[in-house]
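Next come two complexes built around chain A: one with chain B, the other with chain C.
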Partner chain A sequence: MIQILTGVDNSAAALTAEQTRLDVISENIANANTTHGVDGKPYQRRVVVFESALQQAISSDGSVQMSPVQVARVQKDDSPPIQVYDPGNPDADSNGMVSTPNININEEMADMISASRSYEANLAVIKNARTMAMETLSIGKH
Partner chain B sequence: MIEALFNQPNYLAAKKTLDAVVLRQEAIANNIANLETPGYKRVDLTPTFQAQLEQACASGDPQEINSLKPTLAVDTSAVASSRDGNSVHLQTELTQMDENAVAHTLETQLISGMLERMQMAITGKDA
Partner chain C sequence: MSPIPVITPAAAGMTPFGGMMTPEATPLPNTGIQMPEELAQPTATGSVQPTSDSFASMLGQFVSDVNAQQNISAQAVSALQSGQSVPLHQAVISMEEANVSFQLMVEVRNRLLDAYQEIMRMQI
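Let's look at the complex of A and B:
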């Protein structure tokens, strides 16, 4: 197939990956106060790990292979839960301490902004590719 | 032969530059897509392409210009500023993408202009 919009496949893959990242961040924020998950433990923060599908393989003619980005895995953050003194909470231990999720809202918000900026950057690339394709198609028109 | 019409060095050079610009857009798209991939190194046009094209144009040999092919290479001059080894900087990429878009407009207009003048020469009419 002729590729009219060059490179947009990779940009589209990146949009999907950033979307997943935003989903995971929203899950983290939504569960910032979940002290009792299905396993009885507080919610653990999730982190998205990106990878290039092909690790920049250099082909025989010396040219570089394009590598679409994808989500490698969604990993649990193993840092310990934050202890909060709240004796009235049903999940409190004998000392009145409650294990709350290891989520820092500020960190999540900063991460969210970074994810949406990356999303916007990829959108800008797609728009640019479209403009270029339209220009190319108008060669010879007057 | 009809090919002779399209064998002027200027026209061929404009076409090759357009190829390079389109390939560069692909490289920048890929760099931005991998903005947060650990260990990713940015790619760009092979730096020798410009010099090769200039040399081929100076020789004025259509065959030599035609045989050139723009390729991509890992940009070894880019420095990874983050600890994950990723050497992509969003601002640089976006600026270069804008520059590239202007270059694309220039090349398409050049090619259009050349074709237009050629048609004018053939028909004797203003297009």
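Let's look at the complex of A and C:
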């Protein structure tokens, strides 16, 4: 199989990773007020951990090592839940305190902008690679 | 994007270019270079039988590679449309790869046709 847009594989992996990051941020924002999660405890913030996967790229003259990014795991943020005084809430304890998720919306919005910008940066790489290939094909055109 | 049909080199009119690679019919002097039997002896029609490494078969391989790219991209798009968990960017990137390799094939064809027409215009 001919390989035309080679470096794009790295960018595609990064796009997948950033997409996962955005999915997790959306989960966090959606559950910002979930006081009663699946396990009965308030929802815990999720954090995406990226890792670089070593991938051997096959080439004729020695091997070029590429390390695309991938999602290692999605882990829970173990910081304590935020205590809010809300005696009317069914999940309130005897003191009227409710444990709400350890999610700061501002932080999530900042993360979302970061993920969005990273996605755009990788899209720009792909666009550039395509432009370079098409420009190369137009060598000698008259 | 519909997959392009597989074009055999003969159907695409590639045989004249295959013929361009024909070595001279006169026997080579003893230079020590051994020509493969089928290349050194052109057939009566003047065309070369496609061998594993002939230019025509290389071109045919290239065309089928491009076709495979087109098929991959069509599969990715139809998988995306049928609701499978294919990332959007993967479908678009495979479409782009198919597009660029198709453009490359068109460029190769244009150069070959230019060369062929140049030869046909030659005054003898």
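By our rule, the second predicted complex is superposed on the first by the 132 of 142 C-alpha atoms of A that agree within 3 Å, B and C clash if a C-alpha of one lies under 4 Å from a C-alpha of the other, contacts with A are read in each partner's own complex, and residues count from 1 in each chain.
Assume a contact is a pair of C-beta atoms (placed from the backbone, for glycine too) under 8 Å apart; a residue touches a chain by one contact, two chains touch by 3 or more.
If you're wondering where the values come from, they're calculated on a predicted model, not measured in any experiment.
A.B. asks: Which holds for A:R130: it touches chain B only (first), chain C only (second), both, or neither?
C.D. replies: Once the two structures are laid over each other on A, A:R130 reaches chain C alone.
A.B. asks: Once the structures are superposed on A, label A:I105 by its partner contacts, choosing first (chain B), second (chain C), both or neither.
C.D. replies: neither
A.B. asks: Check the contacts made with chain A and report whether chain B or chain C touches more of its residues.
C.D. replies: Looking at chain A, the partner in contact with more of its residues is B.
A.B. asks: Touching A:I4 in the superposition: chain B (first), chain C (second), both, neither?
C.D. replies: A:I4: touches chain C, not chain B.
A.B. asks: Once chain A of both complexes is superposed, is A:S52 in touch with chain B (first), chain C (second), both, or neither?
C.D. replies: first
A.B. asks: According to the stated criteria, A:T16 is in contact with first (chain B), second (chain C), both, or neither; which is it?
C.D. replies: Touch partner of A:T16: chain C, not chain B.
A.B. asks: Contacts for A:V69 in the overlay, against chain B (first) and chain C (second): which applies, first, second, both or neither?
C.D. replies: First partner only.
A.B. asks: Taking the superposition as given, does A:A30 touch the first partner, chain B, the second, chain C, both, or neither?
C.D. replies: After superposition on chain A, A:A30 lies in contact with neither partner.
A.B. asks: Classify the contacts of A:I113 with the two partner chains as first (chain B alone), second (chain C alone), both, or neither.
C.D. replies: In the superposition, A:I113 contacts neither chain B nor chain C.
A.B. asks: I'd like to know which partner A:A121 touches here: chain B for first, chain C for second, both or neither.
C.D. replies: first
A.B. asks: For chain A, which residues lie in the overlap of the chain B contacts and the chain C contacts?
C.D. replies: On chain A, the residues that contact chain B in one structure and chain C in the other are 8.
A.B. asks: Mind listing the chain B positions that touch chain A in their complex?
C.D. replies: Residues 18, 21-23, 25-30, 32-41, 43, 71-74, 90, 93-94, 97, 101, 104-105, 108, 111-112, 115-116, 127.
A.B. asks: For chain A, which residues are in contact with chain B within the complex?
C.D. replies: Contact set of chain A toward chain B: 6-8, 10-11, 13-14, 49-52, 55-56, 58, 61-64, 66-69, 114, 117-118, 121-122, 124-125, 128-129, 131-132, 135-136, 138-142.
A.B. asks: In their complex, what parts of chain C are in touch with chain A?
C.D. replies: For this pair, the touching residues of chain C are 62, 65-66, 68-69, 87, 89-90, 93, 96-97, 100-101, 103-104, 107.
A.B. asks: Enumerate the contact residues on chain A facing chain C in the complex.
C.D. replies: 1-2, 4-5, 8, 12, 15-16, 19, 123, 126, 130, 133-134, 137
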